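Across the two complexes that follow, chain A remains constant while its partner is chain B and subsequently chain C.
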Partner chain A sequence: MSTICSVTEEKALEINKFDFTYASADEPSLKQVTMPIAKNSITALIGPSGCGKSTLLRSINRMHDLYPGNKYEGEIMYNGRNILDEKEDLISLRVNIGMIFQKPTAFPMSIYDNVAYGLRLQGMRNKTELGDRVEKALKDAAIWKEVRDRLKHDANGLSGGQQQRLCIARAIAVEPEILLFDEPTSALDPISTQGIEELVTELKDKVSIVIVTHNMQQAARVSDYTGFMYLGELIELGKTEELFVTPKERLTEEYITGKFG
Partner chain B sequence: MTAIQKRVIINGIVMVLSTLSAVIGLGFLFWILFILVSNGIEAMNWDIFLFEGAPPGYAESGLKQALVGQLIIVGAATVIGVPLGILAGTYLSEYGQRSKLAETIRDVSDIMMSAPSIVVGSFVYAVMVIPMGHFSALAGIVALTIIMLPIILRTTDDMLHLVPTTLREAAFALGAPKYKVVLQIVYRGAKAGILTGVMLGVARVAGETAPLLFTSFNDNYMSTDLFAPMASLTVTMYNYATSPYADWQRLGWAAAFILSMFILGLNIIGRLILLNKKGK
Partner chain C sequence: MTHIIDKIFANATRLIAIIVLLITAWIFTVLFQESLLSMQTFGLDFVTESKWAPNLEKFGAFAAIMGSVISTFLAMVLAVPIAIGVAIFLSEIAHAKLKAPVGVSIELLAAIPSVIYGMWGLFYFVPIIRDIFGGIGIGMLTAGIVLAIMILPFMAAVTRDAMNTTPDILKESAYALGGTKWDVIKDIVIPYSKAGIIGALILALGRAIGETMAVTFVMGNVHKVSFDLTQPATSIPVTLANEFTEADTKLYFSSLFELALILLVISFTIISIAKFYFLRRTRRA
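After this line comes the complex of A and B, so read on.
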């Protein structure tokens, strides 16, 4: 049914026999997903539209809890605990597991305030400390040079690609351990896309990354591991170079050779 | 006649008719404005702001009691109605969402928005004026607040709805608690829209006469006592305009002019804010 490769590195997350059901659905949208996610690596999730990639990603930071009636079953182990536990503190979970969305989500405030937002949430008030952390985050997100002269300007004046990098800066400013990307380049032009891809690759020294993409070339370019999902199941997880060259599952092969999608 | 010729002719007729209707409508509007402005400007002078209304024939006569009363009644209704309306709208959009209670509140406030304001006036008359035994500014304030509330509540609800869900999710994803998401992200995104709703709500109640006739009624002299009757521009204008004295009719025009400029100003500012927001 499914082939899950073993991950030799230390693991950032271990998803075990995970089911997820939306409040409005009768059937689970994710079925028995078991998936290790390696630390300081990039794991890509690919598969046809509607197969459950976003649903899986949004389970990892418990985004589904924002809407009533959604149901998780199974476990997602993180730092030795099951984060699906009712006692899990969602606020600190989300500080440790950041998320970047498909469309840039710059807040209606200045560039500086955007990046400082998460830090201020944690109670950081000291001006120099805040300034240093904002600058570092913007540098790490490779956007410092473009915005250093207009930190007080409205973030919505930036281009789409710049806004997306700003959102990455905002997410890494709070120094999360894991970053979740949900098709972060699908709304961007090719040059901005390349910039984001380079950035993602550089970030893996500091964080573990899970990236959803509908673009197989992107998965092949940036990721260390790739998971192929189909109809709510994880069909195959493999080292990226192996999965794209010698897929073990027939469905994976059909998908990556473009027989469906 | 070919089908094309027929279409061209029908097209022409429809265009002429609709243009004509628009011109007639606009014509009346400008006529009203012209009469109002020409009579209003003629009636304006500093005495209007300095003196209370005097009996006909007296020189030092103005609208001071009505201006002060108007500011107190509309101001107090705004101070009560705006926060209440914004909070209720916030409940609908951010907490109640599609729940039964929220949908019921939406339906009720839509009905209240289209209810004739005189009905609100008689309601407040029944529950406040009769038990208290006399008219009062307070009753007028309550009546205007009731009229303003559904307008502000519904615009707030609508404007908060326009803030993209992903913006809220992005704030939650950084570990923000819900109240901070609402206060720091959602309100900020909807600021211009809510402000416009407030302006339009205030403009709407500022022009009300019927509910005040039943509640704050009128006073020919300056009063700041909330438990006593109080003058307002609209009721004063109604009284003076229907009087047989030229002096008083002139004051009526002045009241109409001041009121219209105030409401026009609020509307223009409200629309400018929205336009400015869209232009960005």
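After this line comes the complex of A and C, so read on.
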């Protein structure tokens, strides 16, 4: 049983009857998930731990392929093709669908080289062009003012919140169409969290965003659509203001009112 | 009551720790005392002279020191690239089903007693070297290669352990930007674990320089500095192993002790550098 609202905007992704099974498991961890993701909006995924929200997110950029034996079934349609297809070029898929992780993951290199990393992977060598793109990405990630004087410094010298914004800058530098956020503020203090949330909201003009969060208030604050997942199924997808005020499924209501978690 | 037991236990462990330190200090003292005669007789000439003539009571350690340095250098040059390759394979490339068995076999190889490497080297490896490079087959080159083979498993295992400390999430971040496996290895894994890798290499170097049995069989014990690697040569541990039983004069005996002291100082320095690297790494992590 699930209630999926209609998405009126153009769609960035369409997930259809998607099953996912980990190599180590017999049972699928995601069952028959069908979910449209709206373009230039923020879709939040909520649900208790182990419900499969991160698993779903990591399917969208085929992160599970890094570990052998994981199995996908169904469809994830993106730009008219099913990205679960065996012929899908994962390198270019991941350039178009970026990801931000639970913890800041600054690479062991300078601030500048971190942001330039994705661009260099694509073969960009021109110094002026690289410099411009790095500056633009850092400005878009609202961290330019803090780091402009120390671009050559080791990125690990930045604070947690700064590192996470650096990771966002690194991800948007390659100009992806979709950005996946996997609990991006779970390792951050409240002030840094607020900064990241504001940044996420500003980014939706440029990219479509899917954000996994264990924090319902965060979903309510930042997202346009919210999906509630439970035991590997998408129970309900609704416009955020509607889902939190008038949930259509009993399970959703029990979860958002704190009856279980 | 428990308080007293805790106290007794704490003091007992402290005592044991102190005993270890005392033994180390004792070894240093003994080596130093026994070397005094040789130090007084030869002074600095001991390390710069290569003439080693027990019948004339002339002892110069230069050939042995150079032998240790050259054979170790040779072993490192041969072993480092292979060990790093094996470590990359085990940590990043091998399928999970292959990682454990191959990893364990390499650790088992590291446990082969060095005397076995020596015997194998003498009977099976020396003839091959003789056929390919000429000479009698016993010498610096053979010693370097046998040493390289001997330290390779240890070096690969410790390097792999260092690479395995790279957090998955960091590697995933690079993949998420469109990185290939090779990009992730060279830009993330190696830079991240660099200090650990250097530590591993230096630890292996420490093993190579002090290695006795494996090289005693294949080096030749000839006190001569030669840059022709197929010639027989000697190293500090080889000299010690071969000559202690023959040291019939006080000065001969003392000279061997000074040689041992030099080896101990070299090994000690190398291991300290490695530990310093490792410690710095673990503190940061």
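Points worth noting:
By definition in this document, the second predicted complex is superposed on the first by the 261 of 261 C-alpha atoms of A that agree within 3 Å, B and C clash if a C-alpha of one lies under 4 Å from a C-alpha of the other, contacts with A are read in each partner's own complex, and residues count from 1 in each chain.
The rule we apply is simple: contacts are C-beta pairs under 8 Å (C-beta built on N, C-alpha and C of every residue); 3 or more make two chains touch, one makes a residue touch a chain.
What you see is a predicted model; the values in this text were computed from it and never measured.
Partners chain B and chain C, once the complexes are superposed on chain A, run into each other and clash. Shared-chain residue A:Pro108: touches chain B and chain C both.
By the touch criterion stated above, A:Gly74 is placed in contact with neither chain B nor chain C. Of the two partner chains, chain B and chain C are each touched by A:Arg94. Of the two partner chains placed by superposition, chain B and chain C are both touched by A:Met63.
In the superposition on chain A, chain A positions 61, 63, 66, 91-92, 94-95, 98-99, 101-103, 105, 107-109, 117-118, 121-122, 167, 170-171, 174 are in contact with chain B in one complex as well as with chain C in the other. Listed in rising order, the residues of chain B touching chain A in the complex are 164, 166-177, 180, 184-185, 188-189, 191, 280. Partner chain C is touched in their complex by these residues of chain A: 61, 63, 66, 68, 91-92, 94-95, 98-99, 101-103, 105, 107-109, 117-118, 121-122, 167, 170-171, 174.
In the complex of the two chains, the chain A residues touching chain B come out as 61, 63, 66, 91-95, 98-99, 101-103, 105, 107-109, 117-118, 121-122, 156, 167, 170-171, 174.
Partner chain A is touched in their complex by these residues of chain C: 95-96, 167, 169-180, 183, 187-188, 191-192, 194.
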